[in-house]
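One chain, chain A, links the two complexes that follow: it is found with chain B in the first and with chain C in the second.
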Partner chain A sequence: MTLLDVQDLSIVYEPHGAEPVTAVRGATFRLEQGEFVGLVGESGSGKSTLGFALTGLARAPARISSGRIAFDGTDIAHLDGEDLRRQRRGGFAMVLQSGMNALNPVRTIGNHFADIFAAHEHVPRGRRRDRAVELVEKVKLPASVLDRYPGELSGGMRQRVAIALAMSLDPRLLVFDEPTTALDVLVQRAVMETIIELQREENFTAILVSHDLGVVLESTARVLVMHEGVIVEDGPAARILQDPQDDYTKMLLSHYADPRAEVVELPGLRVAGSQISTTGEGPAGPGTDAAPSGGAKARTGRTREAVVLEGVGKVYPPPRRGEDPVVAVDDVSFTIEPGDALALVGASGSGKSTIAKLITGVERPTAGTVRLGETDVGSLRRAGLRRLRRDVQMVFQDPYSALNPLHSVEYTLMRPVVNFGGLRGLEARRRVLDLLDIVGLTPVEQFAAKLPHQLSGGQRQRVVIARALACDPQVIIADEPVSMLDVSLRAGVLALIEGLREQWGVSLLFITHDLLSARLVTDKILVLNRGRVVERGETAQVLRFPEDAYTVELLDAVPQPGRAAD
Partner chain B sequence: MTEKEATAQGEAPEPTQPPPSGRKNAYNTTVDGGGGLVRVGAPPSPLTVLGRAAGTIWSVPKARVGLILLAVFVLAAVFAPLLAPYAPTDNSFARAEGGSPAHPLGTTTAGEDVLSQLIYGSRVSVLVGMVAGFGATLIAVLLGMSWGYTRGFAADVINFFVNLFLVIPGLPLMIVLAAYLQGGGLAMIIFVVVITGWAWGARVLRSQTQSLRSRDFITAAQFSGESSFRIVFREILPNMTSLITGSFFGAATAAILAESGLSFLGLGDTAMVSWGSMLFWAQNSNAILTGQWVLLFAPGLCIALLATSLTLINFGVDGLSNPRLREGKGR
Partner chain C sequence: MRYVLRKIGLLLLTLWAAVTLNFFLPRMMPGSPTDAAIAKLAQNGPVSPATRAAIEAQLGVPTGNIWDQYVTYLGNVLTLDFGVSYTFFPQSVSDLVLTALPWTLVMVGVVTIVAFVLGTLLGVLAAWKRGTFLDSLPTLTGTFTSAFPYFWTALLLLFFLGYVLQWFPTSGAYSARATPNLSAAFIADAAYHAVLPAVTILITSLGGWILGMRNTMINTLGDDYVTFAEANGLKPRAVALKYAARNAILPNLTGFGLALGGVVGGSLLVERVFNYPGVGYLLYNAVTNQDFPLMQALFLMITVSVLVANFIVDVLYGYLDPRTRR
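Then we have the complex of A and B:
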């Protein structure tokens, strides 16, 4: 039985005072009752816009410009207000990406359910509590959460509550918009499993909107691939995996690899055993022949020093009186030799970002010492810290918040050049253009004049990397540098980081939860769990033959399209 | 279905080559509609930025009304000698007259032309509003932002002073100060208004500074070796334009009201012609009892309209840094 029939649907955004943009063009597909379908695309492909439209949540400035959405025979594309609200019961619901933040912090979870029951009056008063308990148990939460406030629950629990809330109107169609993206790796997997199970048991029709083809192929039976507002491919997951028809799908698939494999290859990057190399085809790799002279000059006269951590611990005072102090880092020791790349992996809360703060001098260790060469980082005062930043630079996780939206690329890069390099005027400008050339943003003159909002995520991250390189540092700390980027852009940025390390001899501390990228750019690895090192060694060795249970768990959380076929 | 699908695919643009580099990001071009990418060149000059800001404010109907009202008052203040039929202190006319062709709003009990006083009075209000508003905003920006950015002892000291000014009731403090500095004229009034009017703005700017301080690009600026001063004024300040503009208009409104209040109470320079002193003299001569309600009504209305115009402009200021509010009409 056809539940949803979408015919030639187009959606335009008509922002006030700007050109209208067509976000979805001529989408046509049908969903049968009980199907689990994935909708994949990178940012800007229109997948979320489509998801919102299907559940009648499209709002100004978005407008359905043509086509129809028949839900069980009724056209919902042009329904309004009250009719739409009635349709929601036994109709369609949506779980949002930030669904866990969609809960009202001053109301208990039970109240959230009560609100929905009261608005639709489909559950008799006396049965409401029982029904709510039933629903939270479906998403594997204890009944006691109903009496708690959202702030008392973890992110994963809140997302489960959001799913239970979406289920409370017995929907026949559920749209999940990136339901696990905001969650921690290990939690992601658990929530995804609950969704899959729930769909199987309740037999509702589900659409999983996601940027991650790996996750979608693993969990759904049929996949729609969207690119620039158009559905470019529609087929069973297994067929898409084995025999993708569209070039775009092929490209997306080429960016997945198993970190456990002997040879790991992404476009532009290849790792065999523990040998890393940037392949020539990678457009991102800064050609070795293009080594700018300005940078090489700055290189002379500086000795390379190792970063040494000895028995480092960091304990934060208890968050509330009467609680135990928080141990963020516990007895961690390691050394990054000049030119080495070390990966620091672990789930959130494992203390990896705290270690980054300790090395950059933002926080001071409560035990042990952090040293860069002869300098004791923990005891530096203001002026010392400023000198330290000449040598230790950071690449941030979120390229969207790491650049001041009001400054041009040239200004952003000019500052460290002026402050640390001591260059002025034309010389400084030449150095800025060199930097842009190094990170592959050409033509350099054009990019120098741009403002951050005129750049894509990948380009922004390149600017961030260029800024980190500007003062010719010894150590670069990259905190999840690719986790906010589209899958297809990741390989390029990773190849850039890898190439820079080879070419400039910069040491790299690569912090990530993504083992695939760790495998690609580092040669040593440190696995952290709750502030303690649980496993260490050569990256290839550790990932191919993991010994600790936690490492195995992390490896299992890496989405692999291939696994679905097994 | 397959047929439909085929057409959908047929319309698809050329599939992109695998672009692992960020350089060629296909979707960016569509989203920006090309416009964003073509616009390359020097960053916009301050003048064009100002022009664009004015355009944004103008596009909000409420703010447009406010701008027109304000323009009327400013023009009246600037061209007062041309517009006013008589000199404001010329008391050679018949006293306490009603409206007549020669004196549309009548004359005061001292024999001055009310319309001329009204027009000249706008000079004081507009001047005090702008200068005191600017002064109060300047102090609020300097103190609020350094307060928000620094931690430790310095922040505690500023905290103490701001809270001190926040808890002291404004009007009594103003009256005490004005009584002390009697005879200082306009400069004294501006000083008093600034001293009592900056604290609230500082508080608001401080919290916004604190929230911006934790953003990555501020940490990045520290890593670029920027000094604290530069971080506050080159990185954080430009991101708070709308807040500061809003706080300026708020402070200017408060200053206008405060000046009128002080003059009305007789604490200003009673010889100076301002709307507040007009009210003061009208009250002194029991204008209501003698049936000359215009003497009270006209300056009162002007004060209210000028304050309203600034408040209306503030509606448009919200849109300066929040594009979402500009699009809000579609809902």
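Then we have the complex of A and C:
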């Protein structure tokens, strides 16, 4: 039986005082009762806009400009007010991307359920509490969460509560908009499994909206691929995996690989055993995403030093009185030789970012020593720290907040060139343009004049990398440098980082939860769990033949399009 | 409960600090009230030591060392003994303050609460009906009226409603013939006298509450929990009140606490213009007549009322926002 019939649906954004933009163009598809469908696309593809429209949540400035959405025979595209509200029980429901923020911070979880029951009166008064208990147990939470406030629950628990709330409407269609994106890797997987299980048991129709083709192929039976507002491919997951028809789908698929394989290859990057190389063939996209050019210039003769951590520990005072102190890092030792790349992997809270703070001198260790060559980083004061900042540079996770939106690219790059490089005037400018050339942002003159909002995420991250390179550092610490980027842009940035290390001999500390990218750009790896090192060795060796259970768990969390077919 | 106890402890501590500062600060100033009085007299010729002794006897010279004085002072504060007023000799300061306080508390206090409640409700409505007439009317009017200076509004009302149209009395808190008591007739008379000063305060403070609430609520309306509540088919009223407004009011409570604390001290201009016998008017008299005991008692009371108002808001906040309770 057809539950949802979407015909030629188009949605336009009509922002105040700006040109209207068509976000969804002529979407046409049918969903049968009980189907589990994935809707995949990268940022700006229109997938979330479509998801919101299907659940009657399209709001100004978005407007359904043409087409119809027939839900069980009634057109809901142009329904509103009370009629639409009534449809929401036993109709269509939605679980939002940031489930963490989807709950009212000042109401208990129990009251959230009570509000829904009161709004639709579909559960008799005396049964309401029992029904709420039933629902939270379905998402594998204890009944006691009903008396808690959202702030007292973890991100994963809040997302589960949001799912239970949506389920309380007895929906026949449930849209999950990036339900696990904001969660930690291991939690992501657990929540996803609950969703799959629920869908199987309750047999509702589900749409999983996601940017991650890997996750979608793993969990759903049918996949719609969206690109620039158009559904470019619609077919069974297995067929899309084996025989993708559209070039865009092919491109997306080419960016997945198994970090456990002997040879791992992404467009522009290839690792066989522990040999890494950039293949020179640039990844897809216009010239700006090309592999680094600019020729190898030998570094001016500064000596290179190793980063050495010996028995390093960091304990934070208890967050509240009466609680235990927080052990963020516990007895960690490692050495990064000049020009080496070390991966630091682990789930959130494993202490990886604290180690970065210790090496950059932002925090001081409570035990052990952190050294750069002969310098004890933990004991540095002003002038020493200033020198350290020249030698150790960071590339941050979020390229959107790492650049000051009011400053042009040229200004951003000029600061370190002037402050640390001591160059002035024309020389400084030449250095800035050089840097842009190195990170592949050409034509350099044009990019120098741009402001951050005029750049894409991948281009911004290149600027951040150029800024880190500007003072000719010895060590670059990259904290999840690609996790905020679209899958298709990741390979380009990784190839850039890898190329820079080869050309300039910079040491790299690569912090990530993503084992695939760790495999691609590092030769040694350290797996952290709750501040302790649980496994270490050559990256290829550790990932191909993991010994610790935690490493295996992390490996299993990497989305594998292929796994569905196995 | 532990949260409230902790807040009470904090309140007592700050109260003690305020009282102590109130004691030590004037003593750290050079000169003394006697010197000031003698300096005034000295303009008309030499002052004999006998005059000095007489002034000292009248004002009272502290005995014992400063710690003994401090202990005595603390005892006096606890028993509300602030000495005798210079201006209204021989009335005691506490009598003066206690007579003035009810007028201010009732008139200004009630208006402040009404302004907050009314302004917040209008703000909720404006945000919920954003872009419609219900939004633009209160928002524009609010912006306009809140830009009026206090005393100027007071003078305008006084002139047109009191003097030209003679609808309301122009000064005082009750008719000259009436004596204060709790009869219905007297309360009606007092309320009639309170209309002009009350409306003045309402006009100038209402706009701020409307704008503040509207702007925070427009932000919370964009929050995910509001979208999710809507997606779950909650009734629009519940979404607006229990979800959007309920969260938007939290930051405005802090402002309300400050406004409540300012009730005692902040009504000086209005009370002056309307000759309203409240604390503000008393403070005005104390300052112009250099009535030190009266001033000191009033300053202390203003400090205490700010602290107490903040305490009330803190407790309220703990009740309304579970995140602060830990």
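Operating definition for what follows: the second predicted complex is superposed on the first by the 550 of 566 C-alpha atoms of A that agree within 3 Å, B and C clash if a C-alpha of one lies under 4 Å from a C-alpha of the other, contacts with A are read in each partner's own complex, and residues count from 1 in each chain.
The working rule: a residue touches a chain if its C-beta (ideal position, glycine included) is under 8 Å from a C-beta of that chain, and two chains touch if they have at least 3 such contacts.
It should be emphasised that the depicted structure is a prediction, and the values quoted were computed from it without experimental measurement.
In the superposed model, A:A102 lies in contact with chain C only, and not with chain B. Taking chain B and chain C in turn and counting the residues of chain A each one touches, the greater count comes from B. Using the contact criterion defined above for the overlaid structures, shared-chain residue A:V542 touches neither chain B nor chain C, since it reaches no partner.
When both complexes are overlaid on chain A, the residue A:L57 reaches chain C alone and has no touch with chain B. In the superposition on chain A, contact of A:H120 is made with chain C only, not with chain B.
Of the two partner chains placed around the shared chain by superposition, chain C is the only one that A:R85 touches, whereas chain B remains out of contact. Residues 1, 4-5, 7-9, 11-13, 15-28, 30-33, 35-37, 39-43, 59, 215-217, 219-226, 235, 238-239, 326-327, 329-331 of chain B are the ones that touch chain A when the two sit in their complex.
Those residues of chain A that touch chain B in the complex are listed here as 7-8, 14-19, 21, 25-30, 42-45, 59-61, 227-232, 234, 246-248, 250-251, 254-255, 266-268, 282-284, 360, 362, 386, 389-390, 393-394, 396-398, 401-408, 411-412, 415-416, 419-420, 440-442, 446, 449-451, 453-462, 464, 467-468, 470-471, 485, 488-493, 495. Put simply, chain A touches chain C in their complex at residues 55, 57, 85-89, 93-94, 96, 98, 101-107, 115-116, 118-120, 149, 151-152, 162, 165-166, 168-169, 320. Note for the complex: chain C touches chain A at residues 223-225, 227-236, 238, 242-243, 246-247, 250, 320-323, 326.
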